[in-house]
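Below is one structure, written out as structure tokens; the observations come after it.
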Amino acid sequence: MKSRIPALIATLAALTLGHAPLAARAQTVVVNHAITESEVLSAQKAWCQALLDIGAAHASGGQPAARALAEKVIDAAYGYQMGVVLFKPTLTVNPQTFRTTRDGALSYFVGGDATYPKDSGFALKGWTACEPVNAAVFIAGDSATTMGKVRFTGKDGKVTAVDKTWQFVKDDAGRLRIVVHHSSLEYVAAN
Amino acid sequence: MKSRIPALIATLAALTLGHAPLAARAQTVVVNHAITESEVLSAQKAWCQALLDIGAAHASGGQPAARALAEKVIDAAYGYQMGVVLFKPTLTVNPQTFRTTRDGALSYFVGGDATYPKDSGFALKGWTACEPVNAAVFIAGDSATTMGKVRFTGKDGKVTAVDKTWQFVKDDAGRLRIVVHHSSLEYVAAN
Amino acid sequence: MKSRIPALIATLAALTLGHAPLAARAQTVVVNHAITESEVLSAQKAWCQALLDIGAAHASGGQPAARALAEKVIDAAYGYQMGVVLFKPTLTVNPQTFRTTRDGALSYFVGGDATYPKDSGFALKGWTACEPVNAAVFIAGDSATTMGKVRFTGKDGKVTAVDKTWQFVKDDAGRLRIVVHHSSLEYVAAN
Amino acid sequence: MKSRIPALIATLAALTLGHAPLAARAQTVVVNHAITESEVLSAQKAWCQALLDIGAAHASGGQPAARALAEKVIDAAYGYQMGVVLFKPTLTVNPQTFRTTRDGALSYFVGGDATYPKDSGFALKGWTACEPVNAAVFIAGDSATTMGKVRFTGKDGKVTAVDKTWQFVKDDAGRLRIVVHHSSLEYVAAN
């Protein structure tokens, strides 16, 4: 509930002479669950920061530390507990392209799961920066979708841009959760 | 589309040195379909004004003028064209309490329909003022619901307060439409 | 999550010759959070049953038992933990007509709260039956609203019908919760 | 309204002895705007068929015929008239990767627009079959998102599978419209 407090603005209604007995006590409670652009941008930044944090945990505490943090991040930022998540990570291959379960997402980020032998851990690649550059933000009211680039900077300073779509919904506690995530390398035209 | 223009804010993304080729052209289109408190309050005021306008049309042009205007108001402010509207007007009685169809709403406001013999036309009662006093406004994102009093002032200056719930949704053109409307006289405890 | 299990139907996609390597493994996970008519009717029945149960608890265990059960019912069936609830009970009077807080709802159902001195406890009136008779059910997808009569039978067999609007949303756990509740005695035309 | 008719089921409420005066006339109108799985699958098939139809129009009537049909298809199947569409087509390149406007989508499908010089017309490539194979369908109630493969068969019989995310919403007329569309070639791991 705490997270809803900022959205709850109690305003004293205008006192209007002649309506005294009622209006003098009138108070309108306004609760607004609509997703704001600012919340969306914060959620994107938090995703980027979490990716870097998992990498840092790996550098200092190895795979177990990275995995433990990744579990927290997934549980806080994705909507697996609300059902499936429609997740197409950047680098997955058939027949495990889509990671609709929490386990599949965890393996993608930190690897080390024999069920997903091709996963080496996207968060463990030594990224030094992560920056979302939105082409469009569409707020439907109860959900918000972004489409654009996310730019990952590697240890060598090289930037990899991916095309990324995220859809967020607000959970009962007022927190944005990713329910759709489609990421893909940029298309390169053959010459 | 015109009505969406205010909600469409194209902002030039920050130019970040080093990201020049992409970011220099980067532009984020933000489209926000969430309902705002201001839109809700405007829709309530418009409802009140329309009620007074229908009364004025009746005074100057008789029942045909009132009816013609009421049709326009209903088509613009309610969601009958999107399906049914859940409408429980203040003064209807069994077995025609609920007015889920456009005809039923029209008859309630201006009377003159043999199918609804008990209707005398709520908008034709000579109201001189109409004021919403909200107890609560709940914006779910893609819908907004208000609950509170609406105070109607009669020709004799007497104020009648009713308890009213309205739910609004935004149509494809960005206009708020009433899809739920429950109105009732205040309960008076027996002594 | 358990409550979502019925909504999660994993269906094996048709095996199509020629698409073997992919389609042979293809499996579509379908998660459907839309509210169904059946869920709405169940929630209404549960509300009625809870009202009778609170009355029975009162008969056998007095006010404390009624109050304890009412707290459970409110926490399970209303959405107070998601923000406010827009609740206009049948018999409340100014200036406490609207019960947007949990305390206000609890007092209405079982009384015994000095903050709400006019409340005698609607659930303690000895109702022997409670039956919803819907005029209309409107399912928007992520919310559902009903409008109609609810018929309460008293100890003396007399039936009191009220006009009632309920709006339900599905919480993260898949349970319907009341977020709007407007109830009013039937209008009786003066003769 | 016509398109909503299938969704409007008026059912005669059970006649219950003892409640005769009311219940005998009781009729519940049920309007359900939730998106169904069947509607989603139909919309996907319609997209595939439209792609093939544009190709056929091109074969018989040249670019003008293809363009004319593509305009109709876009206006009927996408949500550009409701605001922007978040569209990342399979084969677009920087700085025109994202096609948030109708013109950008049209050029992608049929080319011939000097503003988008890299577009050769995806629908004009001679596809002979198009088949969606969903990994997951997520129905939120008022929107539905699919993620999976779409398999395009070329003139030479070769199949190209792309990873595709579509989000659909229902417009006021009850028709599904694409508001998010992210398509990408499969990732191929370097050896």
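Note that the chains are named A, B, C and D in the order they appear, and that numbering of residues resets to 1 at the start of each chain.
As a convention for this text, contacts are C-beta pairs under 8 Å (C-beta built on N, C-alpha and C of every residue); 3 or more make two chains touch, one makes a residue touch a chain.
Protein identities per chain, from UniProt: A, B, C, D = Phosphoribosyl-AMP cyclohydrolase.
For clarity, every value in this text was computed on a predicted model and none was experimentally measured.
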Numbering shared by both copies at the chain C-chain A contact, with half separating same from different: same
Taking each chain's C-alpha mean as its centre, the one farthest from chain D: C
Centre-to-centre distance between chain C and chain B (centres being mean Cα positions), rounded to whole Å: 25
Centroid spacing, where centroids are CA-atom means, of chain A and chain C in whole angstrom: 32
Gap in Å, rounded to a whole number, between the CA centres of chain B and chain A: 36
Multi-partner residues of chain C (each touching 2 or more other chains): 22, 29, 31, 33, 83-84, 94, 100, 135-136, 138, 140, 142-143, 148-149
For the chain C and chain A complex, residues of the former touching the latter: 1, 4, 7-8, 21-22, 25, 29, 31, 33, 81-84, 94-95, 100, 142, 171-172
Complex contact set, residues of chain D against chain A: 83-84, 86-88, 90-94, 97-98, 100, 118, 135-136, 138, 140, 142-143, 145-149, 163, 165, 167, 169, 179-180, 182, 184-189
Complex contact set, residues of chain C against chain D: 13, 19, 22-23, 26-37, 131, 133-143, 148-149, 151, 159, 161, 170
